[in-house]
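Below is one structure. I have some questions about it.
When the chains are written out, they are named A, B, C, D and E in that same order, and each has its own residue count from 1.
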């Protein structure tokens, strides 16, 4: 019973939050609602016994991602109200509704999942974090390491893209200009 | 009333659809990125739920990696936005259609 | 050397073309003439060492190309292909020799030499894919010839030519792949070798579909009505040499392919489609002849006349008997010579006046008597006068088809009337009457360079018209084997009846002998 | 003998090629002399062959080489000299030698002198092939060859529009007939398996009648074209645009009789199908009177003679159709002589009158051109069939044949025609040579032709006079090959009545002609007289409006149809649909490229939309699978 | 309690990991070098990249050797899966990269090559792709895909001009959406089968006989949408032309080859068992996508005015063409896929390289895009060799024999014929004919028109250096003489594909 109440409550809350996120014209509202929605989602994780995931959700999303977005917002100065031209809302909502209805139609039927044996079953008596640790560092070691590489890539990308070096485009400069620039630099170095 | 897997899946689907709405109607790139986060998060709920009902950890692993991916995407996406904003002082995607046809 | 003469024939011009890039452009014509002369000599050597009494393939060569997929480089000639190869070599030679001063003559000669490679390749390939390779490749130099040296609409014409034929041949390619698949199913081995395919007897429905697929490719190339509309544009815009080669050789690819592929592989389908195709052929003959009559541009007259003659070739091919097929092959050569010559002749006048409109001319017979004479001879050949080369082919084609249908042959025979109408009308407009246009008053007659090209053609036209035997003999032998093969392979009763059994005569005498005993 | 045969055959070719060498150069008399000499050689060779055939009764048959051989088809260049062909050879070589010599004078001032002789000799060569060939294919070679030379010679003065038009008309009309001929040849081949005359005819009696009938009809269609029978006759009159020697040789003596030759040659076939024969005869009779009627009013001497030729060809076909092949051949021969003579005479007149052809503008030429007058008058007498000249024997024979065979309608028609023939022949004689001088006032200063031209004509004159006397000899010898039916009217009385009656009728006609056209008040008609405005006159002078009909309805509609085919069908339908298909792709691309608006939002929408479409398919399919049983029951309930 | 995990090193089969690790190590090395000494010339990094790629190639060949002996290898807790597909795909990836990376040595200076990070990211990207193809675990596929994609977005943006940013952002945003689709699709399969390993999914679905078809189809649709985005199948293709136009020509060429082959492998693993399940609906969905992709992209290519955009659309068509191989799903068709793609990679890289060496920094008057058709007008007169080579590439793309792509085309169409897809075979053939038009358009401009904008030929090779010329020469030779290599390549491919059970 508790589970049901919690489910419906958080379901309502997440839906509401995300609805605000996609509909509001205030970027700040959207960001706040998104953050709230993500925290509510972590509640589901806790309900479902995925404690580690819930923690990660809060840390990574509400912490890291939201902080990044907040920085971005400040940088882009999007606090002012946004005017979005939207030609056909009907199409947008229509498509989404159709998609939702279709999937719900399929999902409304019970999934034939009875005879499924868990490949990595949860062990009684072990905490969720422990279990995840074991699976992550055995079976999912390679994806994990690759995820590390991915984060590195993201980092390098972020640095490169946001870096000062991008302000001057060698692509758009003619070769003569580049030569002059290099000479200038050398002069600076020498002097 | 028992909350079954289907409840979670339906919820996930609804959230996913909300995400789709966001993706389609947002013209501000930053807020568009928010919508993509919604997409990934909605799937995470489903993964966690399936994982729970099957008693299998794989779903949680997937959700974990999805979170990692979402985080990396944010970094790169924001990087791109920064570059664009530096040049054009705007992040409205309607202004971004020099190439077409 | 004779063992690989076919490969040499194919690749010598290509190699020479590549070396040609290094030749200075002032000397290019001489280079081109010598290369094509060597090629022609080689082709003649092929002829002299060809054994006329053998009906099958000779000078076979085989190299694995993609054996995993049954594609092999197989070459060979028989009586059917031999003369077209020689014709190709011959026309390239005289074409280059008679080339008038055009821009980029170097590029043109290189292109022509490449074109020659593809032309020879098509006719000696005995593997469907190799055949297809050359078939398609021939489009490229032709595209360039028309597109770079053509008239004002050249780009439209060349692209149309290319795309149209390309589309058709792709459908044909699918047909080939099907054929190979059926062979694979029957034998468990992939093979694109035509001679292997000959051994395959397909059910009638398969034959019909495959025939249709192949037909589509061939018909556009021929070109058969109603797929012919690329041809007037191509001819109308092409430079003289382009038209000559297009008419003399390239169009023959389609009709040759009918004999090489469609007939022996799908005898029942050939019988099934005989009447529809004959009707198309008749439409081609009469309709395009009438269209030719309405033309104002002399080159278009010759172009449409080509279509009309191709109709006779198709008709002969689908006579499905020795006379008709032999006739159609002979007519291919004949038409090559005659229409090639006519295009050269049109080129002669075009060089002088830079127009091809007949209304601009008139009375040329008194200004350029030699030109008028040669044109007249060629026109009469085109009209199909006996003792010219065309007549032999037309006569045999019609004669052959008469066995299949009397009425249709009668209708097809209208060719000789309508052909005369447009040709004579065109000749009259150009050559007869008073010289009305001052520009024509002082036109020089054909010069030596042009005579080099034209006189041999005149000689061939008359020589082969009087004495076609050197060609008919080998052709006949090979055709007999094709017809016999068709008869043996035919499944349906009708096909058995329509395609004559050549060894039947022997059998009958045998039985009568036994009865007598 | 073979060498003689080849000599007879190839000397004209040699002459032709020799003349052709000088084709483009200015006049060289040598060409005329050499060609004539070579024709003389040919004539001599033919004569020796004739003697040989007459004396021994043997054929000379040779095979030069293979022409076409494929499958079962075997066509050699085979030549035969038998009674029929040697007759023709004699006619051809003789007339052509005369014409050649004559033409040296006639073409004296022509720029295309050399070209003329080349063409003319080429024609003789083709004609020799035609008559000497021993198979249908060879016949066809000659057949087309003479057509070609006829084209070249009619259009000899190619700067004249009318000449070239006539040349093309002749060629094309002949081609129409040639198609029939070709089909006939195919029929022969596929039914008998050979094209050799002897072998083919040997098989024919075994064939069924329908086949033979078709064969006969198609071959005769070929003959109709060459011999200008109705309805393919219009070219012959127009062919008079050519130089007069050409008209004499080709359009009177030789080529036009090729059709008769073909029927005679195929006598074994036509004997088997008398119905076709009757048709041929009827057509011949019709053409005889039809052509004669047109000749009555024509104001062009060459055309009058041409119509007369046509009429005489009708006679020959009437004879041949009735099975009297030797009679046809005999008339052919006789006709060749006097008609060539007539034409050459006409040529003299024309020459004298600077190519003026209207006899009404002449008159009284007999004073200056006595020789010509005599020649032409005698030729006309022969043509009219007055005893004892050639025409009497041959033409009367045809009338007898018709009478004896009880084809009285044909007989009547032919008889009437004989009268008409006499009338129009002497109409022009009277107009040209007699009456008062009308030409001087028009500025003509006629003169007699060269002597040697006249001398050259004398052999023809002699033959036109005496040919009739060979009748019985000829019968003896030619019926070794042809059906030797003798046609004798049963009672001598009837015979005499008939003959004398005919003679009287003819003479009366001549007298009427003289009376009408010798009077002094003949004027150049100017279209005002009552007669000229009468319907009959108009009908005749316009050749029954047949050329008009051909021109207005056939030629013009052919041209219009051609233009429609080109402009409408070829360009607007076929080509446009090809381009249309290509354009569909292009237009679709052009119209749908807007989906690539470059706007990211649109792109995302497309992506979602694509997913949703696929999703709906998936769901529909999924539901269909899930409820397949129910669907099946529903469908079966609906009777699907 | 949890048991301690004992893992022996042999059972990990670390050899399976070697090929992917090598480029990653290389990337790290480049980053490290850059830390110690900045401002080094791009040629150094190019050479380092080439060296590592060669080592990588060696490693792949090594694994190939092991594979031919032992068959499919699983490694590192059965996450890695080295089978024929993986080996072939990696070979294509590495060889194409080897052809691509020297293109950085241009004559002119471009922004991205001034960064050592460019090469590091490039190698990371390769690592990502290699992981993607060498596994059947959806997680690893997803992570690998994202690693590669994120790097690729950056590489595009680093060209540093407005168009490239626009391209990167478009690509990125749509990529994020497709990531959502991919995860949703994976979720559906996970919900159905409790597994995210493709062979497990196949096994479970097979065991219950595809009981819940609708559910499976939903999963298929989402995965198809995600993969279709990467493969640029219509209607998920909209990014492709813009991104190709926005990025440098060399990178565009690279993008048309390498990411797609990686995704093709995933698609093959994902869809092949579904196709073979005998469920018609799956085929129908793929069929529609394939046909629409081939046809529509062709039509759009027809109306392009810029060569690069035209080639972008043509790449879409070719992708649709090759997707047909997956639809057909026989050994022959899968082999055909590889054959086609190998040949295609040569030609397409060659064609894009030709654009690359003619890249101008400042467009002359009357030329509105980098590579408009007018730019190439009359090229045969001003720069005949380059024109001829470009012409060969175009003809080859059009499928004119005997140039390279023809062989792939016939083998692919033949596989359609053999697989019973007659109509598809004809559609493929006719689409080739339509395609010929726009390839021909460039040929027409180059060979048959008079020069309009560029009256001297220098512009066409302005960017060329010896390495670039070498690469183009290599591609040209490969294109022209492909018929000599087709047989061994085909035999090799067929053997590997057959042994992998596809």
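Simple rule for what comes next: a residue touches a chain if its C-beta (ideal position, glycine included) is under 8 Å from a C-beta of that chain, and two chains touch if they have at least 3 such contacts.
It should be emphasised that the depicted structure is a prediction, and the values quoted were computed from it without experimental measurement.
Any chain touching subunit B that also touches subunit E appears here: A, D. Path length between subunit A and subunit B in the chain contact graph, taken as the least number of steps between touching chains: 1. Hopping across touching chains, the smallest step count from subunit C to subunit E is 1.
C-beta contact counts were set side by side for A-D and A-E; A-E has more. Central chain by Cα centroid: C, whose mean Cα position is closest to the mean of all protein Cα atoms. Of all the chains, the one whose CA centre sits at the greatest distance from that of subunit E is D. The chain with its C-alpha centre at the largest distance from the centre of subunit A is D. Separation between the centroids of subunit B and subunit D, computed from CA atoms only, is 94 Å. If you average the Cα atoms of subunit D and of subunit E, the two centres end up 76 Å apart.
Subunit B and subunit C have CA centres that are 65 Å apart. Chain centres here are Cα averages; for subunit C and subunit D they lie 35 Å apart.
Multi-chain contact residues, meaning those touching two or more other chains, occur in subunit A at positions 91-92, 95-96, 99, 102-103, 105-107, 109, 111, 113, 116, 118-119, 131, 139-140, 143, 147, 150, 153-154, 157, 159-161, 166. Residue positions of subunit D with contacts to 2 or more other chains are 582, 593, 596, 598, 600, 604-605, 608-609, 611, 615, 618-619, 622-623, 626. Multi-chain contact residues of subunit B, defined as those touching 2 or more other chains: 5, 9, 16, 19-20, 23-27, 33, 54, 56, 58, 61, 65, 68-69, 72-73, 76, 79-81, 83, 93-94, 96-101. Here the touching chains pair up as A-B, A-D, A-E, B-D, B-E, C-D, C-E, D-E.
Put simply, subunit B touches subunit E in their complex at residues 5, 9, 12, 16, 19, 23, 29, 32-33, 36, 39-40, 43, 46-47, 50, 54, 56, 58-59, 61-62, 65-66, 68-69, 72-73, 76-77, 79-81, 83-84, 87-88, 93, 96-101. Chain contact summary for the complex, subunit C toward subunit D: residues 163-164, 226-230, 232, 287, 290-291, 293-295, 321-323, 326-327, 363, 365-366, 369-370, 373, 380, 385-387, 391-392, 395-396, 398-400, 402-403, 406, 409-410, 413-414, 416-417, 420-421, 424-425, 428, 431-434, 466-469, 472-473, 475-476, 479-480. Against subunit B, in their complex, subunit A makes its touches with residues 1, 3-4, 7, 11, 14-15, 18-19, 21-22, 27, 30-31, 34, 37-38, 41, 44-45, 48-50, 52-53, 56-57, 60-61, 64-65, 68-69, 71-73, 75-76, 78, 82, 84-86, 89, 91-93, 95-97, 99-100, 103-104, 107-108, 110-111, 113, 116, 118-122, 128, 131-132, 135-136, 139-140, 143, 147, 150-151, 153-155, 157-162, 166-167.
For subunit E in complex with subunit B, the touching residues are 138-139, 142-143, 146, 150, 153-154, 157, 162-163, 165-170, 172-173, 176-177, 179-180, 183-184, 186-187, 190-191, 194-196, 241-242, 245-246, 303-305, 309. Only residues 64-69, 107, 129, 132-133, 136-137, 139-140, 143-144, 147-148, 154-155, 158-159, 162-163, 166-167, 170-171, 173-174, 177-178, 180-181, 184 of subunit C touch subunit E when the two sit together in their complex.
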